[in-house]
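Labels run A, B, C and D following the written order; every chain starts at residue 1.
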Amino acid sequence: MENIYKPDPMEVLGVWQETGDVKRVRIRFRDPEKAKNFHFNVGQFGIYSVFGVGESVFNICCSNSHQTEYFEFCFRKVGRVTERMWDVEPGDTIGFRGPFGNSYPLKEWEGKDLVFVAGGIAMPPIRCVIQYCLENRDKYGKITIVYGARTVGDLVCKDELDEWAKYPNVDVLKTVDVAPADGVEWNGRVDFVPTVLKDSNVRGGNAVALVVGPPIMIKLSLPILSENGFSDDDIFTSLENRMKCGLGKCGRCNCGSVYVCKEGPVFTQAMIKNMPDDF
Amino acid sequence: MSQIITLEQLKSALDEKLSQGCRVAAPVLDGEFASFKEITKADQGSYEPRVAMQNSIKEFFFPKHETLFTFVRQGQDVVLTDAPDFEVDQIVVGARPCDAAALPVLDPLFGWDYQDRFFQQRRAKTTVVSFACVKSDAHCFCTAVGGSPENTSGSDALLFDLGDGSFEVRVLTDKGKALFEGKTTDSDKTGQSCDAPTVDFEVDKIADWIRANFASPLWEKISLRCVGCGACAFVCPTCHCFDMVDEGSYNKGKKVKNWDSCQEAMFTLHASGHNPRGTQGKRQRQRLSHKFVTYPDKFKFYLCTGCGSCSRSCGQMFGVRPTLEALDKEGVKAGQ
Amino acid sequence: MENELRNAIRELFANQGVGVAIGYGRVGVDGAVGAVFVTSPDDVDQLVWNNECRQNLAVHLTRPEVKALGKIAIVCKPCDARAVVVLANEAQIKREDLVVVGVVCEGIRNVKPDGSTSDKDYPKCETCVQHVPANVDVVIGETSKGEALDAKNAEVATTAGHQAKLAKLRAMSAEERFQYWRDEFSRCVRCYACRQSCPLCYCNRCVADKNRPARIDTSASLKGNFAWNILRAFHLAGRCVGCGACASACPAGIELDLLNLTLANAAKEHFGFVAGTEVGAAPLIGTYDRDDKEEFIR
Amino acid sequence: MSTETKAPDAFEPKIVAFVCNWCTYLGADLAGTNRLEYPANVRIIRLPCTGRIDFNLIVKAFEIGADAVLVSGCHPGDCHYTAGNFHARRRWKLFRELLDTVGVDLNRVYFSWISAAEGAKFQSLVTEIVEKTKAMGPYQEYKSIVAES
């Protein structure tokens, strides 16, 4: 019988340092058979391990167009596992279990305008869907990306932001909380994300919004979206809670009767309003 | 017509199984304490129905510490070796009906979507022989969660102590039949269990209250004396939350699965320092709502068999029954 | 005595701005005695005092949930009051913000494995000589069994029975002792009830929970259990007041207090130090004497 | 035919020595520069001061297979940090008692003061520890609890 707790060994293909404490890692299965049959849906997460150190949970942060060749995740150096993960180099082996959880309803979103609102390290769970939508540009309406971080140095995928802005009918509104020091190149705004969102004049109705970021950013962004005509069913987010197994067994990621690992991480605002405040 | 077996016959049946390489666990008496332990001779066991046990039979299905796989680093590669399958037959004898009843409760959890082979292989390989209760104490409340002193759920055979050195055997499954076939004699004696413990609260109503009162200040109030250890969870036959950790060195080690408890502050602590359940009230709320709301919502069973082990082992005189009673009195009946 | 206690607490609510009184009440199954947190003078009648009042309530003094309730008054047995002294000496509580109501104690009854109380005294109380609490603000009750002990003639809080048990253990060979603890620790489930019920295990994050690096295995394996139990006992060296809360909370019935008693005996024998008996005493391990014994050093 | 060679399975104990940076480590170094030969069974772990040596390190050493442990630092009064070794002395006095009750064989735990000038003392102590440990054999008790974990 299969051991659901045993990860697959993955080869690290590339490592990019995004900010002072965030890195992006590209991996593929060591086992070519597994690689050939691997499939994930955009929005799912995986559990990544440094053997002998531990496991951490991160979103798969790229679209699934190259899923049989490679996929990527981003992490911030904050704890035991990520400190060790920081040192991995191409050719090293890490562990992967997944993909787990639900995903973004990209079929349902077809034909609609998309608004992406992200703060800080929350870019990766949105990057995957942005990549997907840009790869399938003709299926979606206007795309507005509002992304902010504390400082210019804290922006993840900074170069990609400018690439995305080159696509037709895509608005990239980037902002930082703290004005950059003299000499730091910056062509975005200096403001909080909710303010920039407010100024963007996005309109609900035939549009969906995906909001991921720190609780305070989400809290202040939601009323703006509501005022602009987004219903609770049209506002999505990707939650995170501490997890160990990712399989709905270890018993720690639940909010009331909802297991974030299995029924999440993607929820609509309507669903969240029905969940107890346990996060 | 009933089937009976004497204590000596029961022991020799166990010894026979032991000699065939079967693993046997039974209550073992150590001073005043009785706990389920693996035995190597039937004589080591103490075969009488008991109310208080120091542990539950859970650990023969879901051990407190278990290796999932081992790894060795070879250059940049890592070689993983799976933990061996559980292949021996196992008999757990002397379970309380409320211990055995936990097994069908846990089946859907470990078999929900992803199959946890560690639990399931043990479950398939194990025969559970329970003793019907001959007494209950003030901690017992199996009746409140659908159990009884002669609950058959989860058992392969239920034995009734006849008080004369023999047991009436009620075989419940094929596994039970395989163990007792040819070992029992016909008799007209039948065993009887004790009266069901009485409770004056209704779990359904409390569950409804919990559902409606997530933010109630009562949670913090009733949880003040809880000091946040894991004793209640670790003696509970149904508590199944676990931790997964890496042990050993960077170059060679293993991944293990350990029991964990939602009452400990570390349980949900995020790496960022944020803790969704940062106070004892929130942690007790999680424990109670998991047992009486979340789990039944998902798997149709209460995550509690009313065995009372939690309150018996709690140094602060807390546990599920006192909590339910407090919620009933101060929440449900007070109409808060 | 119960009335005397209730009146004293009412008085504290009225005159000393107390927000919560931590005492004993019939809160458990079948009226078992545990901690109650009285937040209003109207509820003072919940408080009881009898020979079933087993827990060391000082464990609650450092908990944020309890501190949030305001100024604390706490009911302490003589042994428990020692823990308050250590907490104050280690700057974990401000003694002046706390009212300690000491109760005269003639021994607590034992608790059987099924949770019921037995007629026998709680093991540590058999030969206790400390019946009148010292270093408290109010003393409730009287006894003919002796007076409050000052630091100079304080004894390690334990019993003849426990000392005999420890002496017997120490008379065995190292292999036999190791085997004894191997059997005991094999039952340890790492629930940390010993730590959580100890008034002096107040660290925000226990070293056992630290993982950068992980000091000891968190697994309830023999290896992890030996490391944990050694670590727990030694972190209480020169600090443990012998209240026995750890052993009485252990669901596996491990006699953890024998380890603590070893260290308390050693502290008394080698350094003349009894924890929790002297207000303002410097911690035993945080200090040194140039003439400390070193016969074991080569 | 019979020549006196070491049996291939002869027991070579593992000794872990936790030493302070300022005295014993230099003492061991001096033993080396003076070409004083001592058994290679000892693994030296250098720490700033005996006051820094957490008691848990001794337990850890046994966990990873040590057959005996040596803790060594500056003589009283010579501590680089003035009083680290005084603190350590008091701690070890108590810790030995705990180890004794737990049943850890105290013949496998050594404490010493070895100064930077005492290369010869380091040599003779280590030699003695290795010989005594060889006579006692592997620390089977601790190894068995690790093996079963």
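Assume a residue touches a chain if its C-beta (ideal position, glycine included) is under 8 Å from a C-beta of that chain, and two chains touch if they have at least 3 such contacts.
These numbers were taken from a predicted model, which means no experiment stands behind them.
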item	value
Of A-C and B-C, pair with higher C-beta contact tally	B-C
Separation of chain B from chain C, taking each centre as the mean of its C-alpha atoms, in whole Å	31
Centroid distance [mean C-alpha coordinates] between chain D and chain A, Å	52
Separation of chain A from chain C, taking each centre as the mean of its C-alpha atoms, in whole Å	49
For chain B paired with chain D, centre-to-centre distance based on mean C-alpha positions, whole Å	46
Residue list for chain D, restricted to those that touch at least two other chains	149
Shared interface positions of chain B, touching two or more other chains	65, 243, 245
Residue list for chain A, restricted to those that touch at least two other chains	54, 79
Topology of the chain contact graph, where touching chains are joined (line, ring, star, complete, other)	other
Listing of all chain pairs that touch each other, if any do	A-B, A-C, B-C, C-D
Contact set on chain A toward chain C in their complex	54, 79-80, 83
Chain D-facing residues of chain C, complex	166, 169-170, 172, 174-182, 207, 215-217, 219, 221-224, 226-227, 229-231, 233-234, 237-238, 258-259, 262-263, 265-267, 270-271, 284-290, 292-294, 296-298
Of chain D, residues touching chain C in the complex	55-56, 59-60, 63, 76-77, 83, 86-87, 89-107, 110-113, 125, 141, 145-146, 148-149
In the complex, chain A residues that touch chain B	1-7, 9, 30, 49, 51-56, 78-79, 82, 84, 91-93, 95, 240-242, 244-245, 247-252, 254-257, 262, 276-279
Chain A-touching residues of chain B, taken from the complex the two chains share	68-69, 71, 73, 76-78, 80, 82-83, 85, 109-110, 112-117, 120-121, 214-215, 240-246, 248-253, 255, 257, 260, 262, 267-272, 276-277, 282, 286, 289-290, 293-294, 297-298
